[in-house]
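Shared between the two complexes below is subunit A, which pairs with subunit B and subunit C, respectively.
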Partner chain A sequence: MDYVKVSYDNKIVKHFAIATVFWGIIGMTVGLWIALELVFPQLNMGVPQLTFGRDRPIHTNAVIFAFVGNGIFMGVYYSLQRLCKARMFNDTLSKIHFWGWQLIIVLAALSLSMGFTTSKEYAELEWPIDILITLIWVVFGINMMGTIMVRRERHIYVGIWFYIATLVTVAMLHIVNSLAIPVSLTKSYSMFGGVQDALVQWWYGHNAVAFFLTTPYLGLMYYFLPKAANRPVYSYKLSIVHFWTLIFLYIWAGPHHLLYTALPHWAQTLGTAFSIMLIAPSWGGMVNGLLTLRGAWDKVREDVVLKFMVVAVTAYGMSTFEGPMLSLKNVNAIGHFTDWIVAHVHVGALGWNGFLTFGILYWLIPRMWRTTIYSKSLANFHFWIGTLGILVYAVPMYWGGFTQALMWKDFNPDGQLTYTFLETSTQLKGMYALRSIGGALYLTGVFMMAYNLFKTASQGSFLANEEVEVPEMPKIYNKQKGENWHRPIERRPIQFMVLALIIVIIGGVVELVPTFLIKSNVPTISSVKPYTPLELQGRDIYVREGCYNCHSQMVRPFRSETERYGEYSKAGEFVYDHPFQWGSKRTGPDLAREGVGWLKKPDSWHYIHMLDPRSLSTGSIMPAYPWLHEDEIDTASTPAKIRVMQKLGVPYEEGYDQIANEDLMKQADAIALSLKTDNIETASNMEIIALIAYLQRLGVDINAETNQQKLEK
Partner chain B sequence: MSFTYYLSNIDGVSIYPIISLIIFFIFFVGLFYWVSKLDKKSIEEISNIPLDKNDNQLKN
Partner chain C sequence: MSVIILLIGASILVAGGFLFAFVWSVKSGQFEDDYTPGVRILFDDQKSKTQPNPITKSKK
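On to the complex of A and B.
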């Protein structure tokens, strides 16, 4: 057998490893910060950049794209070279990829704290950064596929299949969900509106979990778990079935985020059905991971790397069972909008992604620095404090979720709601405090790991280029007897990529296309009118401050909700909403009917409430927004905003952009006047005026429709 | 708002679900069949790829 020398690039792996730890600490610290803000709402100190609504997207984006993102690249760059027996395709591309990704993260953190956001969860970044992400992703793609093309191993190992699926699917999801028309460099409106925007967003949101937090990490599991256990994966056959069924089924399940909303029923049902089916491949993968350790469980007692990996795979199994359960409509009716979902995602994020990353780091760093781990006992301590942290985080959130759901739905014997929303939210304060402790424990463990890895690296010497001799791949392939159709695909990465793309496109097309093309999926309501310019500006302030992080605008068709908020939400109400603002969590009450019925409050109430929420709602955990009372509305942007809305099909009259600001000031003056009657003196061009206009508009259109129907009867 | 209501508006719609069912049935049955027929030796070889048994670590 002829051998050839290969030099693996460890330097790029080292860069990504450092970035993983660094951004992990940042992302989790922001998480702890926002957790504490729910316990001590005064913590924002009146500073917009420190407020929950702006910091929660920083936390989610940092943990998903910075911590896990760098973790993916660290693992892929290490394993891909070894599985392909080739150095990364191009060192310059590797560097561009690394620095480009870090630049994106920094820009993301800055822009989100400035309030530049699209408000689409986990896709909040504005269009220039979206374009940059696309470019850097292509660089990664070329580098990865290039390496696979020049490989010295005929067969493409299953871990790489997961990487390829990640590459194509994330590209597709990111591009479709980010489609928007720019208003300025820092502001754009989603190309989609209302129900369609919601469907696209959760098709993305769900599959961001699937193809950013799951498939690449499964690829890593299939490489690093066998490595750490020093034995091949339990069943390679199972891993093949796991791969194809997982990527095929996952893409369909997005609508389970929108159960009982105004999304057409057939789409909701489709989402539920595929979510249930997903248990099979997910558990296939989990079982495959755990059984890899069969006969080697004694090693798990000794080896901290395996400990982390076993808990990671177990957490994966738990959250992929819980997910389908939450997709059942009767369970979702309880769990949705509550802290149960927060518990669910954190079992996945802290357990699966976090622990697998830690396991890989503890395995990788000593190897690349050619030494042993600095302190085994510290690593073991990290394992236990991390596990305890997950429990102390998750249990109170489950408890809180059930408490919330039960209190929201509780009726007294007279048939009235037992609790006000405020009572249900103050009830949870203790749970929020406990959760912060859980998060702090987990973060403490990460700091210990950083120290331990740093000391490990200091005592070793880094091997930047690892030289190995690998068998040369024969130029001519001798087909084995009985080979069938799948084998050639495994040797042809491009065809493989195309097949994977086709598989994932199908689910998306079946869900998205009918909702877009068939008009009757979104029945129009004639009383629904476009926002006035002032309301539009107010809505953009609502988006900027991230109000959707705590307030939904989606009344589900339950008696407990219609009694609390009013008429349930209909698809036709949202046709002019670019982007939609349905939200996914009710830390505060739903706002869909805030401007009508028994929920309507005087302008002065909103003015004071935004200045000092607790003066009107004792014990409220809402932050104060004093800057809205001092900053002026950006009226210069009104014409451009109106023009973009027109392009998106919102029926403002031709040339309205030129006179929109006149209407804006008229409406603003009226609100300032109404505030004056309540002894509040303010200029009418303040941001708070626009926000009040928007809040007072919520629910007005559908109310007009209902009144009209009553008159007709 | 049932699924069938919207679908019934499309011409010749009944053929689509049958076609897609057949495609995926064949794909997954083919997959399971192929997986079950895999040669044990080559599977063992493949699943050992991550362990790089044939590589020689050079002194660095």
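On to the complex of A and C.
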């Protein structure tokens, strides 16, 4: 057999490893910061960039795409070369991929803190960054598929299948969910409106969990866990079966994020059904991972790498059981909008993604630096403080979630709600405090790891290019004379598949999207009208400040909700909402009926409340937004915004963009006047005026409809 | 809800791609052997003889 020399590129792995640790610390520190803000709401000190609504997307994006993202690339670049017995396809592409991804992260952090956001969770980045992500992802794709093409091992190991699924599906999800029409370089409106936008968002949102936090990490598990335990995976057959099942089932689980909302019922049921089915393939992976250690549990006692991996796989098993359970409507009715969901995702993120990353790092760094770990006991301490951190984080959040859900639904013997929303919120303060302690413990462990890995690296010597000799794969096919031009393509099915997929998706998107999406925005409730220019500007401020992170706009059809907020939400209400603002968490109360009924408050209440929430709601954990009272509305953007809305099918009259600002000022003057009657002097072009206009509009249209029906009766 | 058409279309495209890959992988004999691949990854590649220096001991 002929042997060829191959040199594995460790340098790119090193770069991604450093980035993983660095961004992990940043992302988790921001997480701790926002956790503390829920305990001490004054912490934002009136600075927009330090406020929860803007920092929570920074936290989620940083831990998902910066920490886990770099972790994926680190693991893929290391394992793929060894599994394919080939160096990465192209070193320049590797470098572009690395630096491009870091650039995206920096741009993301800056733009999110500036308030440039689409408000679609885990896809908040504005369109120029979305395009950059697509480009860099393609670079990664070419580099990875290129390596697979020139592999010297005919069999494609199961881990690589997981990587390929990640590559293809994330590309598609990202493109579809990011479709938007730009207003300016920093602002765009989602192509989809209302219910449709919600469905696309959570189709994306759940698959971001599936194909960014799960499939690539399962691929990494299938390489690094057997390597660390030095024994083959329990059942290779099971790994193949559960891979194919998992990727075929995952794509339709998304609607379970929208149970009991205005999404059509059949779509909700579809989401539930697929989510339940997902238990099987998910647990296939978990069982396969854990049983790999059968007969080797003594190694787990000794080896800190395996300890991390065992807890990671266990956390994966727990959260993939909990996920389907939460997708049952009766369980979801309790869990949704509460801290239960926060607990659920953190078991997954801290346990599965975090601990698997740490395990891989503790295995990889000594290997690449050709030494042993600097301090075993420090690594062990990291393991225990990390595990304790997860528990101290998750248990109070579960407790808080159940507590709040039960308080929301509690009626007294007279049939009236027992607790105000504020009471259910202040009840959780202790839990929020405990949670931040849990997070701080976990973060402390990460700092220890960073120190330990740094000392490990400095005591060893880094091997930038690992020279090995591998057997050359014999060619089984030789080109024959006179064969057709497409024969080479036929011999390269994966290349062909990817190319075909990209081409068809681009074609499909260009062709389909504009036509039938815009047509579908015909209102189904006649009293639902487009926002006035001032309300539109106010809505954009609501989006900019990330209000949706804590306030839902979705009254579910439960008595406990209609008694608290008013009429339940209907699909037809949201046709002009680009993007939708249903939210996913109620740290504060729902706002869908804020402008009507018993929830309506005077303009002056909102003015003061945004300046100092606790002066009106004692014990509230809402931050203050004083800059809204000092900054002026960006009226220059109004015409462009109206024009984009028209393109999206919102029925503003032809040429309205030119006169929109006149209407805006008229409405603003009226609000300023009403404030004046309550002894508040303010110019009418302040941002707070626009926000008040938007908040006072919420629920008005549907209220008009209900009144009309009453009259007719 | 017309957006469901887009989502179904996109999902079927990807699922179709996976199906294609699945059929290809089965037909090309990727899964003929469901034992050795799991074991094979455990073996480290043979170090090249020109490799500069062997594993260094801890400096301490």
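Keep in mind that, in the parts below, the second predicted complex is superposed on the first by the 667 of 713 C-alpha atoms of A that agree within 3 Å, B and C clash if a C-alpha of one lies under 4 Å from a C-alpha of the other, contacts with A are read in each partner's own complex, and residues count from 1 in each chain.
Note that in this section contacts are C-beta pairs under 8 Å (C-beta built on N, C-alpha and C of every residue); 3 or more make two chains touch, one makes a residue touch a chain.
As the structure is a prediction and not an experimental result, all values here were calculated from the model.
Q: For A:Q196, decide between first (touching subunit B), second (touching subunit C), both and neither.
A: After superposition on chain A, A:Q196 lies in contact with subunit C alone.
Q: According to the stated criteria, A:I247 is in contact with first (subunit B), second (subunit C), both, or neither; which is it?
A: A:I247 contacts subunit C only, not subunit B.
Q: Is A:E469 in contact with subunit B, with subunit C, with both, or with neither (first, second, both, neither)?
A: After superposition on chain A, A:E469 lies in contact with both partners, subunit B and subunit C.
Q: Does the superposition put A:Y223 against subunit B (first), subunit C (second), both, or neither?
A: After superposing on A, A:Y223 lies in contact with both subunit B and subunit C.
Q: Please indicate which partner A:S617 is in contact with in the superposed arrangement: first for subunit B, second for subunit C, both, or neither.
A: So A:S617 meets neither subunit B nor subunit C here.
Q: Which of the two, subunit B or subunit C, is in touch with more residues of subunit A?
A: The larger set of subunit A residues in touch belongs to C.
Q: Figure out whether A:T562 sits in contact with subunit B (first) or subunit C (second), or with both, or with neither.
A: A:T562 sits against neither subunit B nor subunit C.
Q: Looking at the overlay, what does A:I164 touch: subunit B (first), subunit C (second), both, or neither?
A: second
Q: Taking the superposition on A as described, I'd like to know which of subunit B and subunit C A:K237 touches: first, second, both or neither.
A: So A:K237 meets both subunit B and subunit C here.
Q: When the two structures are overlaid on chain A, which partner does A:R82 contact: first (subunit B), second (subunit C), both, or neither?
A: both
Q: In the superposed view, which residues of subunit A touch subunit B and also subunit C?
A: The answer is residues 3, 5, 82-83, 85, 155, 157, 223, 226-227, 230-233, 236-237, 240, 244, 248, 264, 370, 467-470, 520 of subunit A.
Q: Tell me, which parts of subunit B touch subunit A in their complex?
A: Interface residues on subunit B, with respect to subunit A: 1-3, 5-6, 9, 20, 24, 27-28, 30-32, 34-39, 42-52, 54-58, 60.
Q: Please name which positions on subunit C make contact with subunit A in the complex.
A: 1-7, 9-11, 13-15, 17-18, 20-22, 24-25, 28, 30-31, 33-35, 37-39, 41-42, 45-51, 53-60
Q: Where on subunit A is subunit B touching in the complex?
A: So the residues of subunit A in touch with subunit B come to 1, 3, 5, 79, 82-83, 85, 153, 155, 157, 159, 222-223, 226-227, 230-233, 236-237, 240-241, 244-245, 248, 264-266, 269-270, 370, 463, 465-471, 480, 482, 484-486, 506, 514, 518, 520-521.
Q: Going by the contact rule set out above, which residues of subunit A touch subunit C in the complex?
A: Per the touch definition, subunit A meets subunit C at residues 3, 5-6, 82-83, 85, 155-158, 161, 164-165, 168-169, 172, 176, 192, 195-196, 199-200, 203, 223, 226-227, 230-233, 236-237, 239-240, 244, 247-248, 251-252, 264, 267, 370-372, 459-461, 467-470, 493-494, 497-498, 500-501, 504-505, 508, 512-513, 516-517, 519-520.
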